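One chain, chain A, links the two complexes that follow: it is found with chain B in the first and with chain C in the second.
Moving on, here comes the complex of A and B:
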C-alpha cells in the first residue's frame, strides 16, 4: 500500500484508451464499474475532443457481482459490435474487474464475432498508464500486422503518437514534414490516426521512426524481429537531437549528406542574441517522462546555457538510460513516481526554474519557482489551439519561447535588484507580463473601518466583508458594479443589501 | 400569496411512469464528492483505500477545476496487499500514521472505501475503530464507501454525512439543522434569513470543523439542502430527529417553499415571513428575469448525473419558462424529490438509471435547445450542434438560495447566449 496525493500516470487501461481513442474503426470494450467512465473526460475535456472515446464499459454494480458479470460482459461486447461495427475489437478488465476474474479476453473470443478480437492483459496492481499504451499498441501490431511487400520507394512508419499525448498532434506534423522534405515517404502513422487496416500494412515500410519510446518501443522491437524493419533510437527534441535524428534516418534510408539546417530554425540565434545573456547558468531542475526529461536536459545545457542541477523521471521502465545520462551531467537521477519526493528534491535544490509536468507546476506554485511544462501529465492549457510542436525545427523554437516565458526577463531582473522597495517591483509581484493574482492592495485581510470611494460613497464594514467572500478574479467587477449601482440610486452607504441588489440588477 | 397549501405529491409528474434503464452508465462514482467535501470540512482528510484508478479519477475530476494542495489522497493497493503477502490493515495503519505526522492540522480522517476495497472485502469499519483508538483524542477516524459499484457521484456525500451521524453527541436542545455541504457564503445567507425570522439555534451538517458543537436528538428538526441525502436523512431520523419535507431551495420559488416549510414548523407568522423574504425574493425574481429572456420557451434534456435533476427541472420549467423533454436521474428518491416532482407539469419523460447510447439516441432525436450532461458527453454533443451545460458545475458553484438564483439561471442561459454571441 502506498499513499499517493497526485499520480504521474493513470492505470494501464487508460493507456489502452489512449491508443483506442487516437485510432479509427477500433472499439474497446472495458469490463469496469461505472465510476471508471470518468476516463472519457480526459479526452473530451482535457484534450477537447469532439467525439466520445470508442470505449464501451460494462458498468457492473454490486448487485451484479457473483451472479452474471460474465454474461453482462458478453452482452456488452455484442451490443458494442452491433452499434459501432469496428474493424477490430480490443477487450480488457479495469482494476476492479481484474479482481473478479471473468477473463474478458476468453469470453470475447468465444463469441465468434466476425472481426479480430484482441485481448489485453493489463495488470492494474503492478503496471501503469505507459505500460498500457505500449502493451496495447504491441498487441495490435502482433495481431494485425502481417507480412506485406515493401513499398518500391523508401518509406517509413511514424510510430508512437496516441490520444492525450503531449503535443503529439503537432510533433507528428512537424516530423512528417521533415521526413517528406528528405524525400522519404510515409507509409503509416500510428496508432493515432490509423485504423486496424492501416496497422495490417505496417510491414510495407522500410524502417520505423520511433517517435515516443514510451508507447512504441515494444512494437518497434517486434516489427524489427518480425519484418526486419530497423527503427530510429534518437528522439528529435531540440536542435542537436533533431540533427542526430536526421543523420540516423539518412543512414536507415541509405542517403548521404542530408541537410542539418533549416531556414525555419530560430532557436540558435535567439539563444545567442545578447538579450538571452541573462539565461546563462540559470539553475534548472528537469523532471518528466524519461524521453522528454533526457531531451530537455540536453537542450537546457547545450542550447539554452542553463545549468542542470537535478533531473529524473517517473517511469521506472526507463530508469537505466536516465541514470546513465544523469551521470554525464555529474548528477544522480531521481527515479520516482512519488510527487512528494520530487517536491522534497526541488525544495532542497532551490532551482531558479523547473522543467517538469503538471505536478511540478503545482510544486513550483507552492515554492514560488517558475515552471515550464515539458512532459505529460499535462493540463487542458497544454493542449493549445495553435501549432506548437516540441519536436523538429519548429519544436526547438517552441521550446525556447515556452521555457523563457515563466521567467522574469533580463532587464526586469535588474530592476528588481535595484529597486527592491518599489511598489511595483516588490518580491511578491512576479514577472510583470503575468497578471491574474490578488491585487497587492487587497492581500492584507484586515477590513478597514469603513472604505470611502472617491465619489464619497462608503462601504459598510459588513458589506466590505461580504465582498471579500467573492473570489478575487471577479471581485473588482463586483465592486465596480455595486458602486455604479449605488451612485445611480443616489445612495451614500453600501450595505450587504446594496451589494446583492446590484448583483441582481446586473444578472444575466 | 402566502397561503401555504401542502403540495399534493400525486400531482404533476408525481405519478408519471418512470423509464427505468440498466445499461451502460456514464456517471462518476461516489469518490468524486471528496473534491468539494474536503474544501468544506477544513480539518478533514479523505483517504481513499483503492487503486491507481481511484487516485487518477480524483486528480482528473479535480484537475479540470482545482489547483491547490488537496486534503485527500489514495492509499493505493498493490499486488502484495491483494495476494495476502502483507497484512493490508498493518499497511493502512502505517500509511495513516505517516499521513497524520505530516499533517498535524488534520482532526477528522475519513477512510473511504472504493470498488477494489469492497470487492476484496477490506473491513474499513474495523480499521476506523482501531485507528480512532490509536489517534484519539486528536483525530477522529470514520469510514464510508464511495465505491462505484455502490454509489453514484453525489451519493458519496450522502454516505460521508451518514457516517458522521452516529458519532455526533446526543442533545435534547430544540434546534434546526441544515443538512448538506453548501458553500460558506450560501450557508451564511440561509442561516441569516432563518435567524431573522426568529428561528434558532441553527446548525449545519457538515460543520466546518470538528470543533463545532453539533449534536443530534429527538428535539432536532432538520431540512435537507440537497436532494441526494437519503441515507443521511434516514440516519438522522434513526437518532430521533424530524425531517421537514419541501421542494429544494433552488430559485425564488424553491427557496421560498423550502424556507416556508421551516417557518411553518417553527410557527413564524406570515407577516414576519414576508418581511424577511420580501426584498431577497424580489431580487431573485429580478435576477432570474434576465436569464429567463434567453431560456423562455426553450427545451431542456437532463442526462443523469447528480440527482439534482428533478429540483433543477422544476426551477427551469416553472421559474424560467423552459420545457423539459427528459429528466434523467441516476436514482429517483421520490420521498425526497416528491414535492419538486409534483410541481412539474406532466409531459417530460422521467428516467432513472441509464443506457447511455439509447439515451443519446433519444436526445439526438429530440434535439433539445439545451442538454444538461456530464463532462464525458458535453463536447461530443456540442460537436453535433447541441448546446450543453456540463452538470458538474452545479455542485461546484454557489447555486442555492435567493442571492444565487440569478447565477443558477445564468449557468443555463450562458451556453445559449454564447452560441448567439459567437460569429463562427
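Moving on, here comes the complex of A and C:
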C-alpha cells in the first residue's frame, strides 16, 4: 500500500454506495466508524443530489470497541429497517470496520428481517471503488433476479448507470431515445433509477445493453449464464462506436438494416469544417477509466484528426483490452493508479491537449496544457444543469464542443503571423481570460544564450530569439519541427533562415 | 499483559507432524456450498484418470463439476479438454500477478460434458511452493464466484506427500479419496497418505472417504490392508487396456466407443460418484508403522 494525496478511486464501499444511491427503495447499512460518513458529501456536494444517500452508518467510536460492536450493528440494521422500510437491504463493512471482523452479512441474516438481506464482501485492502460498484450490482442481481417470462415484444435492459457517474443521467436518456427510435422497448434501467422489484424482473428482457462495463460486466455475464441474455460489448461513445453499437443491437434484436445516420449528428461536418491547422495532428494524451479512454482514443484519432501520443487507464480490471488497443496505436498503455506517474508521462510527452479525468485537469493546470474531461473521477463542474450526454449522436456533438474549447481559439496560421509581436501573446502576459495583463512596457524579453540540443544541434542566438516570438502553445512544436528539419538537412546550427525554411517546408 | 496477548492463536506445535506450526486458513477462501473431494495416491497410479472419469460421472448425474489439477505436470484435465490448457500460474505471470485483470475464461476451460477444468500449475522445479499455487487458484476461483455455481469440486493432487501442494487442498476438502493398486508400493504410499491426512484432520474438516483400487485384477492385498487399519475400499477398476488407450486418445472413458468392458468401467465410476454424492461415513484408519506394513504385506 502507498500513501497518496489523491486517488482515482475510493475504497469499494464507496462503489456500493454509488449503486445504492442510484436506486430506489434499497437501503445500505454500512458498518463504519464516524469518520467514514464523509462519503455522503460526494453525492450531495459533488453530484448535487437533492437527498442524502440511503446509507445508515453504525458510526462506532473508540469507546464502542471496548463493548460489543456486533450488537451495535444489529441495532443499527433494525433501526434502519423500521425507519426506511426498504424492499431490500445490503450490508457491508467499510475499510476500517473490516478490521474488527464482525461479519455484518452473517449478523444481518440472522436477524430474520422480512426483506432480502444481501451481504457484500468488499475486500477493501485489495480492490477499489469500481470493483465495489460491479460487485454490489452483481450481488443484487444474483440475489433478486429470478426466472421470469420474456416480454412478447423485443425489449432490453440498460445496465450500468450509478450515482456519481460521469454523465450517466444524460447518457441513459440519449441511449434510451436511440433504442426506442429503433423500435426496441426498455424493460429495466439499472441500477440507477431502479428498485429491487425492478431488478427482480431483469430476466424479462431479450438482451442487455452494457452501458458501463466498469459497473455492469459481472452482472451482464451472470445474466447471460443464468437467463441466456446476450449483452452488447460496444459502448456508444463517439460516431463510429455509436454506429457499431446500433449494428450490434440490431443483430441481438434480429433487425435488418438499421439506420446509421441521424439528422442531429453534427460532429463529422464540424470537425471537417474547422481550419485543418487548428485540429489536425494535435498531439493528445488520453487517460481515464478504460472504457472512456479507449473510446476517446478512437474519437480523437478517427473523428477529430488528432494524433494520440499516449494513453492509459487507472482501473486494472480492464488493463488488457487497454493494452491491446494501445498497441494498435503504436503505443504502450500506461496502467497506473498513481497520478504522479501520469503527470511524469504527460510532462515527458508534452502533448498539446490532455483528455483525462479531474486529476489530469490538475496536472494540465500545473503544466500549462489544456485539458478536457472525459471520464470519472470528476469535479462538481462536470455535473452540469444542462443536457450534456457523452454517448450516442448528441454525445458525439458534446464531445466535439468540449474537446475544442480548451484549445486556444483562433489558433490559425495567419493569426499567428499577425499577432506574433503582440504583447498579449507574450510569455509574461498570462492567459487573456484571467484579465490581469501585464502592460506591454513592462515586458522584458530576456536575450537567450545559444542553446545546444542533445543531438548536438545548436540554435543561433537570433534564431532562438525569433522562436520566442512564436506563441508558447505552439512553440514546442515549432522547435521540434525545426530541429527535425535541420538534422535531416545535416545542419549543425539553426539560424533564422533555417527556422523559416523549416516553416515553409512544413507548410507545404 | 496487553489485550492482544490473550487473543493470540494457540500454537499447536507438532500436531500435524513433527515441528510444524499449524496456520489456519483465511475464512474468506473457505469453499461454501459445493462438495469438495481431494484425490490422492502414489505417483503414476492413475489419479488424473480417476479424477477425470469421476468428474464426468458426477456430470452425468447432473452435477456442475469443477476439477482442479494441482500437479505442476498440469495434465490432470488433459482427457477432459483434449489438450494441455494454460495453468493459473502461467496466466497470472502474464498479467504480472495482477489477478484483477483476469476473467474466468482466462483460467477455467470447459471440458467433456460441461466439466469445468482448471490447472493450478506449479512453480519451477526445485523452487517455490506448490501449496502457494493451490491457494492462489482457490482464491481466484472464489473471487470470480466460480465456486458458488458449482456442486462438486475435485482436487487432483500431486503424488508427493511432503510437498505443500499436497497439504493445501486438504484445507478446502470435505473428503479425501486415495487411489491405490494391489501392490506393495502403492499400498505403502496409501499408508503414508492416510497418516498425513489424519494429521491434517485434527485441524481441518477433511476426513478420509476411502480408497479406489485402480489398475488391478485382484484386490486381495488392498483389502487385507484395509481390514487391518480400518479403512474402506469404495471402488475397483480392473487393469483394462481401454483405460490406457483412452489417455492416448485424449479422452475419458465416457467418450470412448462403448464395448462390454468400457460400459462396465463407466458403471463403476458412476457408482463411485453416487456413493460419494450420497455421503460417506468419515473413516478413521490408523496408519501402520513401517515395520508392521512390511510384516503385513511382505516384500514382494
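By definition in this document, the second predicted complex is superposed on the first by the 410 of 508 C-alpha atoms of A that agree within 3 Å, B and C clash if a C-alpha of one lies under 4 Å from a C-alpha of the other, contacts with A are read in each partner's own complex, and residues count from 1 in each chain.
The working rule: a contact is a pair of C-beta atoms (placed from the backbone, for glycine too) under 8 Å apart; a residue touches a chain by one contact, two chains touch by 3 or more.
Predicted, not measured: the structure shown is a model, and the values here were computed from it.
Enquirer: Report clash or fit for the pair chain B and chain C bound to chain A in the combined superposed model.
Expert: fit
Enquirer: In the three-chain superposition, say which chain, chain B or chain C, touches more residues of chain A.
Expert: Partner touching more chain A residues in the overlay: B.
Enquirer: Considering only the touch criterion stated at the top, classify A:131 as touching first (chain B), second (chain C), both, or neither.
Expert: So A:131 only meets chain C here.
Enquirer: Let me test your reading of the model: by the given contact rule, A:57 touches which partner, first (chain B), second (chain C), both or neither?
Expert: After superposition on chain A, A:57 lies in contact with chain B alone.
Enquirer: Now for A:358: first (chain B), second (chain C), both, or neither, which partner does it touch?
Expert: Touch status of A:358: first partner only.
Enquirer: When the two structures are overlaid on chain A, which partner does A:386 contact: first (chain B), second (chain C), both, or neither?
Expert: Touch status of A:386: no partner.
Enquirer: Determine the nearest approach in Å between the Cα atoms of chain B and those of chain C after overlaying the two structures.
Expert: Minimum over all C-alpha pairs: 10 Å.
Enquirer: Of the residues on chain A, which ones does chain B touch that chain C also touches?
Expert: Chain A residues touching both partners: 123.
Enquirer: So in the complex, which bits of chain A are touching chain C?
Expert: Residue positions touching the partner: 121, 123, 127, 131, 138, 142, 225, 316-317, 319-320.
Enquirer: Where on chain A is chain B touching in the complex?
Expert: Touching chain B from chain A are residues 1-7, 9-11, 13-14, 33-42, 44-46, 48-52, 56-62, 65, 76, 79, 83, 94-96, 99-100, 123-126, 128, 358, 362, 365-366, 379-380, 466, 469, 497, 500-501, 503-505, 507-508.
Enquirer: Under the touch definition given earlier, write down the residues of chain B that touch chain A in their complex.
Expert: Result: residues 23-32, 47, 49, 51-53, 55-57, 59-61, 63-64, 67, 69-70, 72-79, 81-82, 86, 88, 91-92, 94-95, 98-99, 115-116, 118-120, 147-150, 152, 184-185, 279-280, 283-284, 286-288, 290-291, 357, 374-380, 382-383, 403, 406-407, 409-410, 413, 417 of chain B touch chain A.
Enquirer: Which part of chain C faces chain A closely enough to touch in the complex?
Expert: 28, 95, 98, 100-101, 145, 149
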